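Next, two complexes with subunit A in common: one pairs it with subunit B, the other with subunit C.
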Partner chain A sequence: MICDLNVVYPQEDFKSPPSGKDLTKLKACLAVLEQLGYTHVALNFEPQWSTGSINKQIPTDIRLVNPINIERDFKEFEGRLKLYTRITLKVDDPSQCQNITRFQQVFDIVAVEPKTERALQLAITNLEIDIVTFDYQERLPCYLKHKTLCSAIDKGIHFEIKYSDILESNSHSRAQAISNIKQLIRASRSRGLVCSSGVSIPDIFRFRSSSDIANLLELIGLDHNRANQSFKDWSLQVLLSGRLRIKSYKQVVTVSEEGGLVDNKMENKDWNDTKNGSAVNIKMNVRSYLKVKKENAVDRVKRRRTE
Partner chain B sequence: MNRENAIERLLLSRCSQYHDDGEILKTLEQRYSLAGAQKNYLVLEPTDGGTTRAEIEKSSHRRSKKRQSEFKIFGSLQTSSTEKARENKHHPLKTKNEFKRFIKSSLALQAAVTRKIKRILKKNPHYLDKVADLASLSMCKKILKFEDFVEMNRLWNSYIQEVVKGTENMMTISTRLSTCELIGALIEVTHSGCVDNVGKQGIIIWESQHNFAIVSPRSDNWKSEIGLLKPNYSISEMVGGIKLINKQDTRFKLSIDWGSSDENSQVIDFEIIGDRLMVRSIDRANKKFKNHSVKDIKL
Partner chain C sequence: MVRLKTRYILFEILYPQRNTIPIEESYDTVSKSIISLHQPSSQQVNGKQIIHLIKASLQKNFGDYGTSMAVGLTMRYFSTRTSTGILRVSRSNCMYIVAAMTFISSLEDEKCIFNCIGVSGSIKKCEDRSIERSRLMIRNVGGTNVATESDSLTRMFTAGDASVEDSSHEG
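Moving on to the complex of A and B:
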């Protein structure tokens, strides 16, 4: 089970849907990922504004919040790849983050890209998110401290490394990315890191297999086992916490699915499905989770009695 | 109809002292008057006795005094021990301890029976060939039978139907499930750190902070759902009875009937994550659950 939790979805705001051309390119990307051995892929929707202005942009209808329609657009990947949705929010003003709870029931993974030190602090202490990510080609918002990062990791928040930044052709930003990632590895003490591609549509040829990148990370200073874990165990933990937020009540009672806790096979992923009236979260509807009853031990006892 | 003092009249009409409505009305009218037959005082009549609390204490005190005089040498020790004895947590008559002993003894009995059957099978490999159901053996008489608890499961099913009624939202249902009672539910272990536990199923008879006590059916578990081949049960599976299953690192599946109970009825399968349910069922009703780091949950 190898995960890539960041494949950029070609859409920059809530209203304009991606063109058919972009979608076919994205599908080609997913096919490449499948060939490279990835099994769990998250499509990343990145609205381009920072928190202040995004509040006005979020549609009130819950069906329009998630633009990624896996059921409709990516039907052919069913059974081949497990697709999830992710949102990355750019946060600069920490006071404007109430809307994050709106995304938590809609996207499988909620990530935050802090732009200032205060935003990072807030994301770690207050927000219920899965991933903290940075723009590695720029300078980091602040000096990363052991204490803040480790407290986040203990809470279950993971930090993302985007390998497409290391493969950047511009040598200056590549150098910046390498130094940033080294700093992240140092501050997190090589724990709780998630490695993902972060490839957007134009540079489609940047996809690499996970063992390839594991070697690259070893060069930067992460040991081999942990470099592998960042694709496997730790990524799966991010998925697990994200999935449990959607399909369980506080990680106590969850829906049982054949493929384990991260599976989303039974979930209704078609946001246009309006069978049951208006603004309801269709992921929460009982109908898609119903199963045909099998005979259980109690039934067998009853049958034996009647015989 | 006179609607005044309706309740009082109803109560008095049950009383053998009054024969018709007129008497009752009279009494009610007079009840607070100083002159009437009804006086505002409470009559305390002597009872036939029985033992009062004071007497019991006195007698026990006397007994302990007697004992004290017998062992005068240990006088100081004795008083402290009697004080302890009064609030003895481990008193054998406490219900909790009795239940504990019952579980322990039946677990021991099951283990003994399993061992015994193994020993017999070593000598006589065809011993169980003609026995269809182990409950018919005389040594299995005292082991709890799954069949006795089926009724409990029926009650639980109707209870859970009431709990989940009136909503179609998955989150609401799981919220309600997390606070509801689980005794009586049919559960199955889907994942466990202890490999032996995986696949065990049964009806919950007791839930403690760390354990579920379930009664499992005899030679009937996931193996019988595979069909085709005749399943090969281990001896402890054939014996059945009480199983104690630790919640830690374990996930349980329970299914709830949905809609009408036709032949092709539908169910929803839920999974309980044992690590997060490590509270007594009494406290669970008011507990506020929180999301935690998922380090301890395995996929």
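Moving on to the complex of A and C:
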């Protein structure tokens, strides 16, 4: 179980869906990831606005909030890759973050990219999120303190390393990225790190296998075991915590057949599915599960005949 | 007498942006994505060239100190047909060589992905692993509807030249 929790979805606002060409390119990216041995992939929707101005842009209809339709657009990858959806919000004004609960209802993972020190503080203390990420090619918003980061990690928030920034061809921004990642490793005491690609579709050749990147992280200063864990255990923890927010109620959780809590095989992944004009597939809705009919004697005979 | 400790790196080259196969056909099924990615390299590519590429990458990313790691770096096997190869490095420098290979993103002006499949102390294990891997791949390609895949297979084989030139020898 190797995860890549950040493949950029080619769309920047809520209204304009990606063109068919972009979608085929994205699928080619997913095929590369599959061949490199990844099993769990999250498609990352990054709205271009930061929190100050995003409030006016969010559609009022909950069905339109998540533009990624795995059920409809990614039918080919059923049984090959487990696909999830993720949103990354750029936070600059910490007082404008009330809308985050709307995203929690329809995205598997909610990530935050703080732009200021106050935003980072708020994201860690107040917001219910899974991942904190940074723009590694720029300077970090502030000096990362051990105390702040570790309180976040104790809460279950993970920090993301994007390896596409290390493979960048521009050597200045690459140097900045490596120094930023070193800072992050130091401040987090090499705990609670998630490594993901962060590759957008034109850079399809930037994908690498997880063992290669783990080797690279080892050179940067993470130890061998933890470098591997950032692709496996810790990424799965993020998925689990993100999905438990949607798929649990009081102390009841939903479990699918094979993969336990992380598996989403039996779910209705179509977020804008409707019934009688109202959204059915929102938080904690039992009806959003697909029903499985048990095979009886007649079905068995039919199946054998077709075989 | 102190033994020279070596490591053998098994790697493959993937071509995600080959234009011989249209992008719409490259992801539908597992077999199609295997065929579209595991393409033969051009006939001009040889072991020496890849060693040179790795040395250049070491120089770019780790400087003169890094270039010193390339002492004793030899290509033991490389096949353009399967784009798979085995490198021999000294044990202490192994990590830097793998890192240098991850930084490479193009070969002969074509975008590519270097994927290190495994590192082992004996060349035998690398060969075994390579054989097992190709066997699995062929099973995945041939397992489902061979008939529809055959045209893309023939396209793949007519694209490269027929002559195979492997520089394989036992270590």
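Keep this in mind: the second predicted complex is superposed on the first by the 269 of 307 C-alpha atoms of A that agree within 3 Å, B and C clash if a C-alpha of one lies under 4 Å from a C-alpha of the other, contacts with A are read in each partner's own complex, and residues count from 1 in each chain.
In the analysis below, contacts are C-beta pairs under 8 Å (C-beta built on N, C-alpha and C of every residue); 3 or more make two chains touch, one makes a residue touch a chain.
Values in this document were obtained by computation on a predicted structure and should not be read as measured data.
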| item | value |
| --- | --- |
| Subunit B versus subunit C as contact partner of A:247, first or second or both or neither | first |
| Partner chain in contact with A:294 - subunit B first, subunit C second, else both or neither | first |
| First (subunit B), second (subunit C), both or neither touched by A:142 | neither |
| Touching partner for A:58 - first (subunit B), second (subunit C), both, neither | neither |
| Which of subunit B and subunit C A:23 touches, first, second, both or neither | neither |
| Larger contact residue set on subunit A - subunit B or subunit C | B |
| First (subunit B), second (subunit C), both or neither touched by A:262 | first |
| Touching partner for A:150 - first (subunit B), second (subunit C), both, neither | neither |
| On subunit A, positions contacted by subunit B and by subunit C | none |
| Parts of subunit C lying in touch with subunit A, wherever the complex brings them together | 14, 16-17, 23-24, 26-30, 32-34, 36-38, 95-96, 98-99, 101-103, 105-106, 111-116 |
| In the complex with subunit C, residue positions of subunit A that touch it | 24-25, 27-28, 30-32, 34-36, 76, 80, 167, 169, 204-209, 211-213, 215-216, 218-219 |
| Complex contacts: residues of subunit A adjacent to subunit B | 1, 105, 128, 154-156, 236-237, 240-241, 244-245, 247-257, 260-262, 276, 280, 283-287, 289-298, 300-302, 305 |
| Partner subunit A, residues of subunit B touching it in the complex | 146-147, 150, 153, 168-171, 173-175, 177-178, 186, 190, 201-203, 217, 220-221, 224-225, 253, 255, 257-258, 264-273, 276-277, 289-295, 297, 299 |
